[in-house]
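Shared chain: chain A. Partners: chain B in the first complex, chain C in the second.
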Partner chain A sequence: MHISEGILSAPVLTGGAIFAVAATAAGLRKLSPEKIPQAGLLSAAFFVASLVHVPIGPVSVHMVLNGIVGLLLGWAAVPVIAVALLLQAVLFQFGGITSLGVNTIIMAAPAVLCHYIFKPFLSKNHTIVMAAAFACGAAAVFLSALIAAAALVLTGEAFREVSAALVGAHFFVMIIEGIITMFCVAFLKKVQPSMLNLG
Partner chain B sequence: MKSMIWSVFLIFSLLFLLALGPHPAAAHGTGHRILNPESAIAVEFVYSDNEPIRYAEVLVFSPENDEIEYQNGRTDMNGRFVFYPNAPGQWRIQANDGTGHLVKAVVDIEKGNHGDTRLDGIADDHSEAHGHDHSHDRLPRLWAIILGISLIANMFLAFYLSKARKK
Partner chain C sequence: MISEIFAFGSSPVHLLDPRLRVIFAVLFSVVTAVSNLFPTVCLALLMAIVLAVLARLPFRPLLTRLFIVNGLILFIWLVLPWSYEGTPVFSMGPLVVSREGICLSALITIKSNAIVLAFIAMVATMPVAVLGQALDRLHIPQKLVHLLLITYRYIFVIESEYHQLLRAARIRCFTPKTDLHTYKTYAYLLGMLFVRAAARGERVHQAMICRGFNGKFLCLHNFAIKQGDLAWILAMTTGLIGLGMLEWARII
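Now for the complex of A and B:
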């Protein structure tokens, strides 16, 4: 889901970079000192998750984890994801430096959106919490695929084909991410409910 | 008799004119030749986990023309693509899997020789060139992961300290 160097047009790259810088600044402002260790941990998890590749049919996809990061951190997910993406670009050539802004928006915007959509359900009964956690993990990947498709479309690709390819390739990732998010939320609710900020 | 001669003359004239004119609907014969594989350039495109980039769109640019591709096509199910360069110089081959992953390869073709293949702008998740030894100029994967986690820890610690000091 990381877009490489040399694919997107200059206006898309510039627009993505501007939005990413603004969102990162907003996220850093919202990141309280108490949340920083948690943010660091989630950033490391996000960084490593992208290295786990799952071969599905003719394509190879990787874990994303932006759903759980967004659910736990809200706006603070943006700098967390940006840092992980920067290091992935530098150390593994995943994505790229010029496409860092766009890639940050692709991963972080759904994370923030899912936080506001699914967080209110975490204080409901167990079944609803589990369903919301699953939907959060799956929806974050789905929305990321759509934004990535939109970025490619703005550079001249055909939306229907690109989005179908991206969503199709990530369908199983959506399910896996949904299950991972569900287990994480169930675990945190049991051992460390304060991390979910249900108060 | 005279009219028969005229008829034959007309038919031959018509056939002659048809033979001279354009043949938009004429069928071509077909055939094939097995070419010498030694003069072909075969490139394999892989993701960083060595998974082949299957059925990716490939564009090949010759040294003379950087804009219009010399050849286009797709990688096979093993991520491989083969083409026959027709001139010496630097050839560019790029594979795009349509989901944001682009790999560029450069091949130096010497006169009467195929030269050396190297990956140029390797991108996204997908960096290592199978069979090429660009991996030696990168950190081993495990060390890169450890370095990345360490850098994240240090960045967030520095941020924590700066926020704590402001308080």
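Now for the complex of A and C:
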């Protein structure tokens, strides 16, 4: 999810950039140099995963997956998402330089938040894990849509309807993200629990 | 498939110093993004078109890119003119199209396309590896540059791994539909992608240590300002000052 160039106002862009720089710096501090290759590979995996389109009725939506990025990486999710967004801008021109800060916050803030909210539930029993994972995937997308809507409304009252439509349009994406995150976490718990730091 | 269609070429823009291209792309984007007057954004679009012509960008892929990028813009055109209150231009039942709404949508469209076009012409015309080295020279934190370069290095590998997994699923008669089985399959497939990526990350790190990696990325590429770069600095600075004058001194 990203806001194109040329839409947001200067104060919103500046605010987004300042928050993004601070959060990226905090994320980089948590990322030791030895962990960079691992984070880079995961970043590449998320980049590719975000290109995957899953069918929903007659159309298809692409994955956002910031919920599971947050679960796996915590604070390190911020630089990982920033880098993935920069690559998307350079390779596909989704987003761009001036909106990079706002877009990083849109994607990364829910990821970090969901990490703190839902991570503790992952060591509980199967039903709770599944429910928490579903909530994590859905909430991350919902929060992203909400931040994007807030950025639009802060730019101008004129965008009120546009941002309401934006949040509404993400309803089905939320559900699908929830389902995919749920099965994905269940899979990782069986195959590689160490990735979720559960030992 | 992921590809860098604009990255390689021998146009005047491709030959410019990558650091300068990054700096001016940022300056141009920022100035255009904060502009709110039609003369300014029109001049910005004109500058972007000149840059795109100078960079000899292939026409058809460029149009495809711009078309995709305008998706959200189209969304805005569908909602904004109807919802923005102002002088009515024409009405259709209860829906009224306002002049201000149309003006704002048009302004956003021109701004957005100017920035994206200039970005393609200046930044997408270098491979990401060169971009990473240029960012390193511009004193972007080294960890972030490493992360960018490693991510870039492996997106192609991971992408082919994804296609391999998808092919294996197809051979087992997997056809994507709107049902739980499809979502489960995709979730497991993505989960496998993450597991393999993490394992590969471990191996990559070990291999880097074996080759004496000490936390510093060495770069054999030397950037130097040439005569052509100076002329370009002059032209771009003049253009940016022109944009600033139009916007803030309101000379038109």
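Here, the second predicted complex is superposed on the first by the 171 of 199 C-alpha atoms of A that agree within 3 Å, B and C clash if a C-alpha of one lies under 4 Å from a C-alpha of the other, contacts with A are read in each partner's own complex, and residues count from 1 in each chain.
FYI, contacts are C-beta pairs under 8 Å (C-beta built on N, C-alpha and C of every residue); 3 or more make two chains touch, one makes a residue touch a chain.
Since we're looking at a predicted model, the values are computed, not measured.
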Partner touching more residues of chain A, chain B vs chain C, is chain C
- [ ] Using the touch definition from the top, say if A:72 reaches chain B (first), chain C (second), both or neither.
- [x] second
By the touch definition at the top of the document, which applies to A:188: first (chain B), second (chain C), both, or neither? second
Q. Once the shared chain is lined up, is A:123 touching chain B (first), chain C (second), both, or neither of them?
A. neither
- request: Based on the superposed arrangement, let me know which partner A:148 touches: chain B (first), chain C (second), both, or neither?
  value: first
- Message: After the superposition on A, what does A:84 contact: first (chain B), second (chain C), both or neither?
- Response: both
Item to check | Which superposed partner A:197 touches (first chain B, second chain C, both, neither) | outcome: neither
Exercise for review: With the two complexes superposed on chain A, say which partner A:62 touches: chain B (first), chain C (second), both, or neither.
Suggested key: first
Q: Based on the superposed arrangement, let me know which partner A:37 touches: chain B (first), chain C (second), both, or neither?
A: both
In chain A, both chain B and chain C touch residues 3-7, 28, 31, 33, 36-37, 39-40, 43-44, 47-48, 51, 55, 83-84, 87, 91-94, 96, 161-162, 165-166
Touching chain B in the complex, chain A uses residues 1-7, 28, 31-33, 36-37, 39-40, 43-44, 47-48, 50-51, 53, 55, 58-60, 62, 83-84, 87-88, 91-96, 148, 151-152, 157, 161-162, 165-166, 169
Residue positions on chain B within touch of chain A in the complex are 47-49, 51, 54-55, 77, 96-104, 121-127, 139, 141, 144-145, 147-149, 151-153, 155-157, 159-160, 163-164, 167
As the complex stands, chain A meets chain C at residues 3-10, 13, 24-25, 28, 31, 33-34, 36-45, 47-49, 51-52, 54-57, 63, 65, 68, 72, 79-80, 82-84, 86-87, 89-94, 96-99, 156, 158-162, 165-166, 176, 179-184, 187-188, 191-192, 195
The chain C residues in contact with chain A across the complex are 2-4, 25-26, 29-30, 32-34, 65, 68-69, 72-73, 75-76, 79-80, 82-84, 101, 104, 108-116, 119-120, 123-124, 128, 131, 141, 143-144, 146-155, 157-159, 162, 176-178, 180, 182-184, 186-188, 190-198, 200-202, 204-205, 208, 215
